[in-house]
Amino acid sequence: MYSLTVSDHIMIAHSFNGVIFGPAQQLHGATYTVEVTVRRAELDADGLVCDIGLALQTLKSVLGEFNYKNLDDLPALRGRNTTTEFLAGEIFRRMKSRILAGGMGLGTADTLSAMRVRLRESPVAWADYEAALS
Amino acid sequence: MYSLTVSDHIMIAHSFNGVIFGPAQQLHGATYTVEVTVRRAELDADGLVCDIGLALQTLKSVLGEFNYKNLDDLPALRGRNTTTEFLAGEIFRRMKSRILAGGMGLGTADTLSAMRVRLRESPVAWADYEAALS
Amino acid sequence: MYSLTVSDHIMIAHSFNGVIFGPAQQLHGATYTVEVTVRRAELDADGLVCDIGLALQTLKSVLGEFNYKNLDDLPALRGRNTTTEFLAGEIFRRMKSRILAGGMGLGTADTLSAMRVRLRESPVAWADYEAALS
Amino acid sequence: MYSLTVSDHIMIAHSFNGVIFGPAQQLHGATYTVEVTVRRAELDADGLVCDIGLALQTLKSVLGEFNYKNLDDLPALRGRNTTTEFLAGEIFRRMKSRILAGGMGLGTADTLSAMRVRLRESPVAWADYEAALS
Amino acid sequence: MYSLTVSDHIMIAHSFNGVIFGPAQQLHGATYTVEVTVRRAELDADGLVCDIGLALQTLKSVLGEFNYKNLDDLPALRGRNTTTEFLAGEIFRRMKSRILAGGMGLGTADTLSAMRVRLRESPVAWADYEAALS
Amino acid sequence: MYSLTVSDHIMIAHSFNGVIFGPAQQLHGATYTVEVTVRRAELDADGLVCDIGLALQTLKSVLGEFNYKNLDDLPALRGRNTTTEFLAGEIFRRMKSRILAGGMGLGTADTLSAMRVRLRESPVAWADYEAALS
């Protein structure tokens, strides 16, 4: 099994709802380093998992929906705690939509078997969401 | 599948028994960066894999049993080579006990499916132990 | 010249005022990794620049004034753009006050010649403030 | 499941064939950080996945076939795009040959269940190849 | 003294001339992570050392003259060993020209006192060039 | 001013004497990542600060005097607290002796103006010693 990972980052504000979050109930923020890994059984005729330029572009486009924003204000995330693990899942879903729509190359969606999204929130904590792509 | 990882570090002394270890048979030491990953199929109602504060606290408590010690002197490790891979397994077992005892939240033990412990011993070497939690 | 550096991190929200900031005029946030370096010509009788435990504690105490907060709401920072470089200076000033007040050991203030504060805001950008301590 | 990872690096030149590669069709190069992970169900009598010294030596020997070279000139790679993912697979195959030939210890080949090779090409991109060893 | 650092990377091929270079006399390559630090005594009215967006753009523009190229083919570098330290100096000179020409903001050249360029060639080696800007 | 940095690491045991050290009075250990930086006003005719291969070799030779040892047992360090900052100074002195003896190239000693030794003891603490070389 081959995989390719590309990485970018965002800077966002948010707050959490629930006593379990302690001081993180207050409005604060994070720099998230986001790593997206796509998996594929065999390489294509060019020797690639997928076009790395398109992968970086697709990731930047998805992250642009969050970057420099207060996530508490985004209608699509209303009522959700935008924890690191939740955001890993949310970015997975948005990347998957774009891949299925051909954004990482026509036919790429059929060849990638799985994807993992990792968000690093600090030097001592990070979270992943991984699932099949088909 | 979601996962959350927390990290901390310890500074220990130890020596190894067996010619395969060469100069590491002598008393020496290591700074181990320790990363603990717990996995869970779905997030809880707060949007969490588990309480990250409790996870960091539990890890610090387990690592406190080793930190600033000569592992050759610990009765529980008597007669074992405390290699990086062995210690990954040992920290896994101690983390698992605490999780089963409710240390990372009541009921958390039932929701976490697996755990991985990684120890980084130097910029060029690290070891993991991973197993199911149930 | 000897130096000792200790590091910790904070997660904050803020916004900037001025068209030069583009999308960063919106409320967003950052994880700042903060590295504080103190310099000293000769080591003390224990072989130290200063007590590393006290240095980490002092840094955590200063950072606690910002951590999990919206910097736009802090009276002391009212009307300031809390850029990475400004915050490096601000943390320098607060660390210096504590050091002069004996927070890193009685007499330590007389032995440390200079201090540098570095804030890393992302994998591709960081800022420093450095000045004499006397 | 236990694993052990060792790491080293190489500096190579190469070019790619195909419009999908854009400017990377030109002769350019890379520093690849190479991480090799071997997996094993149980530790041996010494508490090891395998001899870490032999693992580092075997990796250096495999990497020596590429280091400080123009990969376009290597007969064994003629007609292939030596992408990061392809090279991960190629280094896997060469590591596997040596392991099967006893290069990482007699009998080690029978105990290691799987191996992963990761190549980091830049701070924002890396690729893996992972497969069973038996 | 304040400073701001921005970072980007390039992938190039080159070879060296002289027996001191050993195997690096052969055509090989490198991923260089490039960090540019500019220094300034006091922050401007916006709380900035300089516009971080312009700094990243200027760096990318300078690096574009080398990225995905064989440095042996560049007329401007003819007859020079493009060692890591030489390239640090060369990127300094090109950054300085652009800064003096107003590329990082009109008037910025007068406020920045010094600049340092660092190139990381591998996890175990890097080189700097630093000089005054005026 | 140009500089070149090379890096390697060691794994040692030691203990400290004095109540200020708290639990670090016990026998423990560390992985030290060691970075040595040498400075030079102008590059030599080959475009170098110094021979990077010789620099890495000289560093490995100095570190070999500590690697896999209990520093408490080394006669040359008897009665000293081998703190991170002390060791930075000690490695500086041993590197300087070798440089003056021609170990990094005949005549190199006359061209290098200064040297800095940095030891990283953990992800959150490191120490430097820097001085002129002449």
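Residue numbering begins at 1 within each chain, and the chains themselves are lettered A, B, C, D, E and F in the order written.
Note that a residue touches a chain if its C-beta (ideal position, glycine included) is under 8 Å from a C-beta of that chain, and two chains touch if they have at least 3 such contacts.
Given the structure is predicted, the values throughout are model-derived calculations rather than measurements.
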For chain A and chain E, the contact-path distance works out to 2
Cα superposition of chain D onto its copy chain E, rotation angle rounded to the nearest 5 degrees, comes out at 180
Interface of copies chain C and chain E: same or different residues on the two sides (over or under half shared)? different
In whole angstrom, the CA-centroid distance of chain B from chain F equals 31
Here the gap between chain A and chain F, centre to centre from mean Cα coordinates and rounded to Å, is 41
Taking each chain's mean CA coordinate, chain A and chain B are separated, in whole Å, by 27
Chain F residues touching 2+ other chains are 123-124
Note: in the complex, chain B contacts chain D through residues 16, 18, 20-22, 80-86, 88-89, 123-131
Per the touch rule above, chain A residues touching chain D in the complex are 1-8, 43, 46-49, 51-53, 56
Per the touch rule, the chain A residues reaching chain C in their complex are 9, 11-14, 23-24, 26-33, 67-70, 73, 121-124
